[in-house]
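Report on the following structure.
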Amino acid sequence: MTIATLFQLILNGLAMGVIYSLPALGISLIWNASGLFNFAQGDLLTLGGYLMLSIFGALKIPYIPAFVTVIVIMGLLGYILSQIYFYPMLEQGVNPQIILIGTIALSVFIRNLILVIWGSTPKTYANPFGSKVMQIGKLYLMPHVIGIVIIVTLLLILLQYFLRGTMIGTAMRAVAQNQTASWLMGIRNDRMIALTFLLSTAIAAVSGVLISPIIPLTPSMGGIIAVKAMSAVVIGGLGSFTGALVGGIVVGVAETIFATLVDPAYRDVFTFVVLVIFLLFRPGGIFRAQISEKV
Amino acid sequence: MSKLIELLRKHVLLVIGIILLIAPHITSQYEFYVVQRGVQNAIHVVGLLILTGYGGMLSMGSAALLAVGAYAYGILLVKFGLSPWLGMILATALTTIIGTGLAFPSFKLSGPFLVITTIGFGEIVRILLLNLEPITGGAYGLSGFAKLFPNVQWVYYFMVITLIFVIIGTERIGRSRLGLALKAIRQDEVVAESMGIDVRRAKLVAFSLSAMLAGLSGVFLANLTGYMSPDSFTSAESTTYLLMVVMGGMQSVIGTVISAIILTGLPEVLRFLSSSRLLVYSLILLIYLRLNWVKSDNAFLKLLKSITKRFGMYTSSTEPGNRS
Amino acid sequence: NNKPESYKIVHLAPLTGDASFQGQILVNAAKMAVDEINENGGINGVPIEYVTVDETSSTTTGIEAVRKAIALEPVAVIGPNRSGTILAAEDLWRQAKIPFITDGTNADTTKKGNPYTFRIQIPSTYWIPILAKTAKEHFNVTRPAVLYGNNEYSKGLWDATLPALAEYGLEPVTIQTYNDGDRDFTAQLLQIKNTGADALFLYGYEAELGLILRQRMELGMENMLVFGERGCASPAVEELAGTANIEGLVCSTTFSQGDPDPKRQEFIKKYEEKFEESLSPTHINHYDSIYILADIIGRVGGNREKIREELSKLDYEGVLAHYQADKEGNLVHTIYTQIFKDGKWQLLLTEEYPVER
Amino acid sequence: MNAEKNDDNLVLKAECITKRFGGLVAVDKLNINVYDGQICALIGPNGSGKTTAINLITGIYNVDEGIIEFLGQPIQGLMPHSISWMGIARTFQNIRILGSQTVFENALLGKGYGNGGASIIHTVLNSASYRREVVASTKEVDEVLDFVGLSDLSNEKACNLPYGKQRILEIARALITKPKLLLLDEPAAGLNSQEIQDLTELVKKINKQGISILLIEHRMEVVGKLADWVFVINHGSKIAEGTFDVIKKNPVVIEAYLGRGGR
Amino acid sequence: MLKIYELTVAYSTVPVLHGIDLEVPQNKIVALLGANGAGKSTILKSISGLIKPISGRIEFCGQSIAGLRPDEIVKLGVAHVPEGRLVFPGLTVADNLKIGTYSRKYSKNKLKANMEKAYELFPRLAERRNQLAGTMSGGEQQMLAIARAIMSEPRLLMLDEPSLGLAPVIVDLIMDKIKEINEQGTTILLIEQNAELALAISDYAYVMSVGELVLSGESREVAKDKSMLDAYLGGEK
C-alpha cells in the first residue's frame, strides 16, 4: 500500500466521519442541556432530509429558502415534542429510564411515519456542493466533505460558545441538573427544555439536509447513522462538542481503514469492539467528560 | 364483583395457567401460533425484567441472546447431530455463558453507555451470524432441525409449564436478597456496595439469569418456527422486548408476562392497518409511556402488585393496613 | 351452479420495513391484474377476492404472516417474496397444500422438492452469462473490471462472473468490493480507472448502484460501459444517480421498458397512469402471475390440487413474457437485455430461457 | 465506655492515609486510631476531608498512600462490600435511602448479598432451609427496627418518613450488617433538639452493645456528650486530638473550627 | 413586606398546612421554628411558588403572588435557599453563582462585582471557583447555596436551615452575615432547627406544630417562653 492510498483512505474515512459528527453534535447538545440521551436523533435527521426532499426536490423551492424552511419546521417540531411529550415527563419526575425508552419509541414512530408518507424507495436530490471530484495531488476529495467540515466546525464553535459562554446556555445546563433549583433561580424550565429540543431538532434538520444528497434517503437511514454517531459521542466523550466531532472522525477513519485492509464484512464488528475498548479503558472518552459524583 | 376480583387475585397463576392450557382448543391455528409466540416471548422478557426492571440495566442486546439460543440449538442439532433435549440444555448453557460476559461492561457503565454497548453486542452477533455462513447458513438462515416433541401442542404445553415455573421462580428471586440487592443497585449503587452487596456478583447473576431465559426462549423460538435467519434478531426486536418490560410496569412479573403476550398479539390485531400498522403500534407505546402508567401508583399496577404480593418471602411481622 | 362467491388469492408482500418499496411494486402489479379481471366480469363470472398480508422485512414475523395467509384459506398464494420467509415457511405450505408463486431469487427456494412452490423468476446466476455474451459480442469489450457489494446477493452474482467471462475469453483487469452502507466509492472507481478498463460489471442494491453510477460520471469515466443485473433497471437507481449519469448502462432484466411490443407498451402506459409512478421492470411479473392463476382457475376451478398440477406443466404467453414451468417449479420466462442510451432504455436482445422439464 | 488503649484493642488504624483529587489534597497523611468500645469523633472545618476519610475507610475511594487496618488486617484496596462484611458499617452525610422501598426492605439491605445465604436454587425452590433463613432474617430486621424505634413504620415507604426517622433508618440499616465499627457522618444534621437527644441515647445504646463508633459531627453538644476521644482535622491532616474537654480549649481548634467557644 | 393569610397546602391529598397566617415586616428578620415535619419548608415552597396552595393568600409588597410561577416570583425579588442545598452538581462554582443572577440580567461588571462579594464572604468558594459543585463537601455546598441566593440581591431572602452541616465558626459567620445583609435592607425569613441561635438573631419568631402556628411574637418574648418552646421543639437542655 502506498502512502497516497493510505492518505486517500484517511480522507475517505474523514468524509464518512464528519457525517457521523453531525448527529453526534445533536445528541451531545440534548445530553448537556436536558440530561437525556436521545435515541431518536437519527430519525429526526431522516425526517429533516425527507422534508428537504419534498420542499426542495419536489416543490422546487430554491435551496437556501428550502433549507431555512426545513430548519424552521423541524425546530417547531422539536418545540412541540418537548411541550407535549418530554417536558411533562421530566416535570413529573418520570424515571429517566422510561424517558430513555420514550426516545427509542419515538424513533420507531418517526421511522414508520416516514415509511407511510414517503415509502421506502431510496431517494435523493441534487448535491448543493456540486458533484465534481476535486483532485489535490494524488488525492481525491468530494467538495461536500469540505462543506460539511466547515459547517460542523461552525456549529461546534457556536454550540460551545452558547452553552458555556452565555447565561441562557448555562441556564439550559442548570435545568438539566436540577429543575427545582432552576425554578428558584427564576428560569422557565419548560421554555429551556423547549429551546433545547428546538435547537437539537434544528441540528437534526441541518444534518439531514446536508447528508441526504450524499446518502440516499430511506426510512432507516438515520437510524444506521445514529448508531455510529452514538458510538462517536461516547468515544469522543459524552457531553463534549469537540468530542463529538473528533469521535465521529475517529469512527469514520478507523472503520474505513479496517474495512479496506482487513475485512469489510466485519467493519461494524470492529467499530463496536473499538467502542467497548474505549468504554472499558477510558469511559470518559477522548475528551474525558468530568465525572461529578461525590459520595 | 370485588369478591370475584379477590378470588382472581388469589389464584392469578392458576387463572393464567388455565387460560393458556385451554388456548389451543379455542383458537384457530394462526391465533394459536400467536399465543405460542406470546408465551415464548414472555419467558424471554421475564429474564429481561430481572435485569432491567429489578437491576435497572437497560439492555438492547436481548434479541442477540435470543439468537444465540436459537442458533446454538439449531447448529448443535443440524451440524453435530445432538438430540433436541441435549441441544436445549447446551444451547441454554452457552447463551448463559455469553450473556454473563455482557455483565463485565456493566461493572463500569450504566444508562446510555450500557445501552450503546449492548446495541454493539447485538450488532456483532448479527454480523457474525450473517458472515459465519458455513455454520449459521448466513443470510438464508438455518432450518431442518428436530423439535423437542414431535407434536406442536406438546412443545406448547412444555413452554407453558416452563413459563409458570419461571414466573414463580422470578417472583421469589424478586423478593429474595438478590432481588433486593438488584433494586438497590438500580437506585443507588454506592449505598448497595456500602451495605455489603457484592454488586458485581449481583450483576453477573442478573445477566446470567436473563441470558439463561433468553437462551431457553430462543430454543423455543427455534421449535416454533423451525427456521431462523439473522434478520429476526435486530436491535428493533430488542426494543420491542424492552418495551414489554416497561409496559409491564418494570417491577411486576405477572405484569411483564401479560404485557409480553399482549404486545405480541397487538401487531397481529393491528394487521388490518397494513403498512401503517407499526405507526399505530408505536403511537400506542408512546402514549402509554407519556401517560406515565408505568409509575408505581397507577391502578392497574397496584392491582398487579397486590396480585403478586402473595409470593412475597420477606414481609415484616407487622401486618400492613392496620395503621392509619 | 355451485359456483363459489369468489376466488380468494392472498398476496404476501413486505409492506413495512426496509423492503417495503419492493412490496409496493409487487402489490401494484398484482392489484392491476386483479382489477382488470374483476372489471371484465371475473373468472367465469366469479370475482377474485384479493387480500394482501404484510410479510414484513423480518423472517420471524414473516412466518406469522404466512400462517395468517394460510388461515385465510385462499385458493392460491402470491408470495412470499423474501427468500428467508420462503425457506422458513416451507413446511407450512406442504401441510397446508396451497400452491404459491414467489418472486424470491435464491436458487435454493425451488430446490427443496416442495411440489407447491412455484417461482416466477429465473435463478439470479443465469443473468451473468448473458451479460458476458453481450459484452463480448455486442460491444467488443476487452478489459472488464468488476465491482460488487459484500452481500449474499451480489456475491452470488460475482461467483458466476469469472466462469462466464472466461467462456468468452475475458478476464477481469481488477476486482473491487464495497460494503453495504458505503457512500464513497472514489477509491474503488479510481483504481478501476487507472487500469484502463473499458467495461464494469457492477452488482449491488439500488442505493449503492445509484451512487456508484453517479460517482463514475463525476470521476470522468463516462466512456466506460457498465453491465448490471436487473436491479440496475429500477427507476430508483435512475433517480439516485440522475438520468444523465446512467448513460451506457447495460442490464439483463425480466422486462424491458424499451420493448417496442405494443401490448407491453400498453401495459407500461396503463401502469404509470394508474399508480402515477414510473414502472419498475423488476417485481412486476406478478401481474402475469394473476393472469396465469385466473387462466388456470377458469379451466379447473378453485381446487388447489388441480391448480398446482396445472402450474407444474405451465406453458403460457403472458403480457410481459412467455412462461414455462421447469421441473423444479420455476415458471421461467424470456430474458431481455437493454441499454440506457440517449436518455431512455432501449432493448438490445431477447432470449428464451432453456427449460428443463 | 472507657477502653484500654493498646494494640490488641485497636479496631481501626488508619496510618498516614492520603487522598488527592487532581491537585487538591483532600486527606493528607492522616492518622486515626479507634479502640475497641470507643466512641471517637472526627471534627474539622467544612471541606477538611472528614467525609473523604470515611470514604477511604469504607473503600468507596482508594487511598493514594497509607495503610488502613481493621482488627489487625489491612483493608485498603478492598471492595466496599468486603469491608462491610468484615464489620465496618456507615451512614451518609446526605441521606441515601431507597425511597421507593419500604423501611423494612431498606433495613434488610444491610444483610448484603453474596456473603453466604441461600443459593438461587434454594430461593427458587423455596426450600426449607431458605424459608428458615427468611424467617431468621425477618426476625433480625424486626428486632433492629424495634431497637431503634422504627418497628411501627416498618411497612411505610421510606421516602414518606420524616427527615429525622430517615437518619435513624440509615443507622438501622448499618446495624443489620452486624458491624464492629460504625461510622456516622453528621447524624445530627437537621435534627431538632428532641431528636438530637434521642439520637444521642441511641448511639450510646449501640455503643453499649460493643460496637465502636467513629462520629463526624458539627453539633458540639453531641460531640461533647458522646465522644471519648476527638480528632480534629484541617486541610486533610490532624491538628489536634484528645478528649472533648481538652480539645475545646485548644486555641488552634477554636481558631480553625469552634469560633466563639463553640456553643 | 410579606403577608400570608389562611394558607392551606396539601401534598396530593394530605393536608400539611391548615390556615397559616404569617407576616414578615420590611427589613426584619423573622424566624420560623418547629419540629421536623411541622410544615416550615412547605411555607417557603408555597411562597416561592414551588407548590400551589389549595387556598389562602400570599402578598408580597402588596401584590398577591399565590399561584404565580416560581420564575415570576423570583423576579419580584424573592430568593429561596432550599433545604438540601440543591446546587447544580455539574456546573462549576462560578457558574452556580452566575446562574444565581439569571432573573436579574446584570451587566458584566455588576455580575463580577457581586461575584467578588460572594467570594469575599466565603473565601473557600474563591479557591474552588472552577470545581464542579457536586464534588464539594457538604458544608461547602451549603455555602455555595447561600452565596448563590445572595448574588441576586433579593428583597426577601428565605433561608431553609442555613446552618445545616456547617462548622461552628461558619455558623457564626453566617449568622453575622445574615444580620449584616439585613441591615443593608434585605428582609429575611429564616428556618432554623437551632432555636436558640435563631431567636438570638431574629426580630420576630413563629413556632409551628403539625401544620399550624402555635406561638408568635417578638423573638425576645418567645425565647422567654421556655415551657412552650420545650413543648413544641422538644426538650431544650
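Each chain carries a letter (A, B, C, D and E) given by its place in the written order, and its residues are counted from 1.
Note that in this section contacts are C-beta pairs under 8 Å (C-beta built on N, C-alpha and C of every residue); 3 or more make two chains touch, one makes a residue touch a chain.
Chain labels with UniProt names: A, B = ABC-type transporter, integral membrane subunit.
Treat the numbers as computed from the prediction; the structure is a model and nothing was measured.
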item: Labels of chains that are neighbours to subunit A and to subunit C; value: B
item: Least step count from subunit C to subunit E, where 1 means the two chains touch; value: 2
item: Chain of greatest Cα-centre distance to subunit D; value: C
item: Far-end chain from subunit E, centres as C-alpha averages; value: C
item: Pair joined by the larger number of C-beta contacts - B-D, D-E; value: B-D
item: Distance from the mean Cα position of subunit B to that of subunit A, given in whole angstrom; value: 32
item: Whole-Å separation of chain centres (CA-atom averages), subunit B against subunit C; value: 39
item: Distance from the mean Cα position of subunit E to that of subunit A, given in whole angstrom; value: 43
item: Distance from the mean Cα position of subunit D to that of subunit C, given in whole angstrom; value: 75
item: Multi-partner residues of subunit E (each touching 2 or more other chains); value: 135-136
item: Touching two or more other chains - residues of subunit A; value: 112, 115, 265, 295
item: For subunit B, residues contacting two or more additional chains; value: 190, 275, 278
item: Chain-chain contacts as defined at top; value: A-B, A-C, A-D, A-E, B-C, B-D, D-E
item: Touch list for subunit A against partner subunit D, complex; value: 295
item: Interfacial residue positions of subunit D with respect to subunit E in the complex; value: 21, 24, 43-48, 51-52, 93-94, 162-164, 186, 189-195, 197, 218, 220-221, 256-260, 262-263
item: Subunit B - residues contacting subunit C, complex; value: 28-30, 33-34, 37, 138-141, 143, 221, 225-229, 231-232, 234, 237, 267-268, 271, 274-275, 277-278
item: Contact footprint of subunit A on subunit E as seen in their complex; value: 48-50, 69-71, 74-75, 79-80, 82, 86-91, 95, 98-100, 102-103, 132-136, 148, 152
item: Complex contacts: residues of subunit A adjacent to subunit B; value: 31, 37, 39, 84-85, 88-89, 92, 94-98, 100-102, 104-106, 108-109, 112-113, 115-116, 227, 230-231, 234, 238, 265-266, 268-269, 271-273, 275-276, 279-280, 283, 295
